[in-house]
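The first chain written gets the first letter, and so on, giving A, B and C; residue counts start at 1 in each chain.
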Amino acid sequence: MANVLRNSAKFGFSGVLSQLSIHSRHGRECVSPCFSLQQRNNSTSPKIKVDLDNSTGVAVLRMQSPPVNSLSLDFLTEFCINLEKLEMDKSCRGLIITSTLSKVFSAGLDIMEMYGKSPERCGEFWKAVQEMWLKLYGSNMATIAAINGSSPAGGCLMSIGCDYRIMADNPRYSIGLNETQLGIVAPFWFKDTLVNTVGNRAAELSLELGLLYSAPDALKIGLVDQLVPEDQVLSTAQDTMSKWLAVPDHARQITKSMMRKQTIDKLLSNREADITNFVSFITKDSIQRSLRMYLEMLKSRKA
Amino acid sequence: MANVLRNSAKFGFSGVLSQLSIHSRHGRECVSPCFSLQQRNNSTSPKIKVDLDNSTGVAVLRMQSPPVNSLSLDFLTEFCINLEKLEMDKSCRGLIITSTLSKVFSAGLDIMEMYGKSPERCGEFWKAVQEMWLKLYGSNMATIAAINGSSPAGGCLMSIGCDYRIMADNPRYSIGLNETQLGIVAPFWFKDTLVNTVGNRAAELSLELGLLYSAPDALKIGLVDQLVPEDQVLSTAQDTMSKWLAVPDHARQITKSMMRKQTIDKLLSNREADITNFVSFITKDSIQRSLRMYLEMLKSRKA
Amino acid sequence: MANVLRNSAKFGFSGVLSQLSIHSRHGRECVSPCFSLQQRNNSTSPKIKVDLDNSTGVAVLRMQSPPVNSLSLDFLTEFCINLEKLEMDKSCRGLIITSTLSKVFSAGLDIMEMYGKSPERCGEFWKAVQEMWLKLYGSNMATIAAINGSSPAGGCLMSIGCDYRIMADNPRYSIGLNETQLGIVAPFWFKDTLVNTVGNRAAELSLELGLLYSAPDALKIGLVDQLVPEDQVLSTAQDTMSKWLAVPDHARQITKSMMRKQTIDKLLSNREADITNFVSFITKDSIQRSLRMYLEMLKSRKA
């Protein structure tokens, strides 16, 4: 993060950076939080793999879009389609989200979706980000994030959209809504979700400073619920899920809705304004210039 | 709890169970949280004993309705009448609530008030539950729960309605709003009171999973304020009360109202709808069938 | 505090005491929380000293109004003028507030502003208290309280109006909104700020009992963020500020506004009513009698 900041300062960067991860021409993996140069993968191979165990009613959704599971429009669309399928499948009661990649859960929103794109396209992208959160935070399934790597910005949003968070006990992995560090502002529904998870004061500090928390620090403030050795993240998620599924679905679902409905309704009733906000911000000349400079910096660093 | 769940599953039970305790034909005490078979006691002997010490201005309200201080309509009515008397008695400034029974503070709402009863009667019962909470959460007295035994569901609601909670330091005693475990949903004002006490995230986990916390775990999440050896629960409550009464009444009362008024007003302005909701739910054929099966299961277990 | 309470009881005091500090004829320093007799200083020497380091963009505001930095109308006016100047100075990005006095940060509101004054003057005073909080809680600067002494009542309000709190690690220094202990009620915006800082339950306990927390206890409940040795309070604040200023101003400012706007707007839209409330309370005969008795008691104690 310190490096990112130094570079940001050095390059006079002040734009939309932290929700983003970007694609390099070289595809070298970069697990430093938030950003990476990543080979754009235009293949039609799925970015997400879902396995539903009919005997347990538990689906495992594996994000497998190297190098860092960037949340591109394609990725988000695939994610939402999978989520919707599972939601409508009565045999599926629980969902575990994890990553097939080494060291990273998800690096967050894909910067390439915001650079040099038309307002229409940017709006479509932002709508998909909203959709991902709405579907996840309001899911009728019991949802557990099996966080087996770093999870900044959009990756953190996905994690706190679940019912429970189990993270690899590795101090080199970090998680947080670090948007502010990079000159942008987490929208109100990111903020509301964080406040609901860690309380007002921890959220205030976290968002004003754009903090990324190491796994142990994330546990301390309640940003994740449990740390386990890296090779036990998924199995612990499975064990934990069986406890969640011991609760009658109907009562759990109504209770979850009672806890989260107000936060969800706030976005639903401001959805268009939130998209307009995002698009008008991201298409500003100054922001686009910042994005270009940032992209060039990252590319030259990789060269 | 695990047993209750297993049995619930086994008997296909999905109804209103956790706010409830029920009466057996045999009166054997059962301190397993939430449920018990309890001899229906039609005697007119008071279920509640109140001692007001005029020298200190502190009343001790002892719940003495064996075996588990079930919150029946009679019990709640007696409770509210006593509370109202104390509230109007200017010499009474502080109230300590405790139990005369071994191992249990209160097992919560009485299941028999909801089985085979007319909608009118069910509505009357639910209104009494509301009344108990409204009177307690909004009391002008300083109120301390001296929790000398388990306190699930309605017993937990009564505890978190007080200003301060002192619990016996016994890991076999548990406390929590465990409704969800048993197929029902804690209403919004149970939820609001819990959120006000332990914060949003702990309340979310607690309610979605219907968790019962052992006394030490309850202390950790702030569901109770203090643990003391079992034989010191009441004396510690008395000592603590003297600190509360050192604060000028008027300022404490206005401050308490400032903290709690919004939560109370929310029920007051939705009271009829909340009763209608409860009655329409509890009188459903499916719920009544579940209640009957559950009662039969408990009776046969006791036989 | 115990002494204050004993004296309050002894003298039948039930009025506005805790937000207050008062001036003695002898100027003997009194660091017991909330109250002090303090020589009224009519000199025109500034009560506040501001040093802005143009190389860092950080201003240090030193409160230097002996003996206890009472928040009089003059003091508050000077404070607000300085804050406004810094706010408009583009070269100033961060503000550290500290005290030049030994053992006290600020003892809170000046009781003499409320005794024997006209309603108009009382209203003017209260408006200045509101203004101090509005300017501080909503400041675009990064603000750090370097709390190098006790900080009850209004001093606590000033502290929790900042973005971050560093306190001297001295268990004899205390901090808290202790108004209730002295018969008065912290207004809703004091309460809201405290809830935002320590959460609902800790705020409830704190305000109902009018608790003052020793520095270590204040850290435990999150009322301050960090304790350091007394001689390192200011240097740690400087170091911490450099981390805050590493975050892009614009993003930090919008994020801060997103976190605090609702709380600020609540006072803005109730400002006149809040003044009317205060004035009608403080000018009551009973309150004025209490103030006079309290003043006489303190003066005789000093004699």
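In this section, contacts are C-beta pairs under 8 Å (C-beta built on N, C-alpha and C of every residue); 3 or more make two chains touch, one makes a residue touch a chain.
Predicted model only: the values in this text are computed from it and were never measured.
Between chain A and chain B, two chains of identical sequence, the interface residue sets overlap only in part, with shared numbers making up under half of the total. The copies chain B and chain C differ by a rotation of 120 degrees on their C-alpha atoms, rounded to the nearest 5. Distance between chain A and chain B, defined via averaged C-alpha coordinates, is recorded as 40 Å. Residue numbers of chain C whose C-beta contacts span two or more other chains: 199.
Against chain B, the residues of chain A that register as touching in their complex are 163-164, 195-199, 222, 225, 243-244, 246-248, 250-252, 254-256, 258-259.
Those residues of chain A whose C-beta lies close enough to touch chain C in the complex are 5, 8-9, 14, 179-186, 188, 191, 199-201, 203-205, 207-210.
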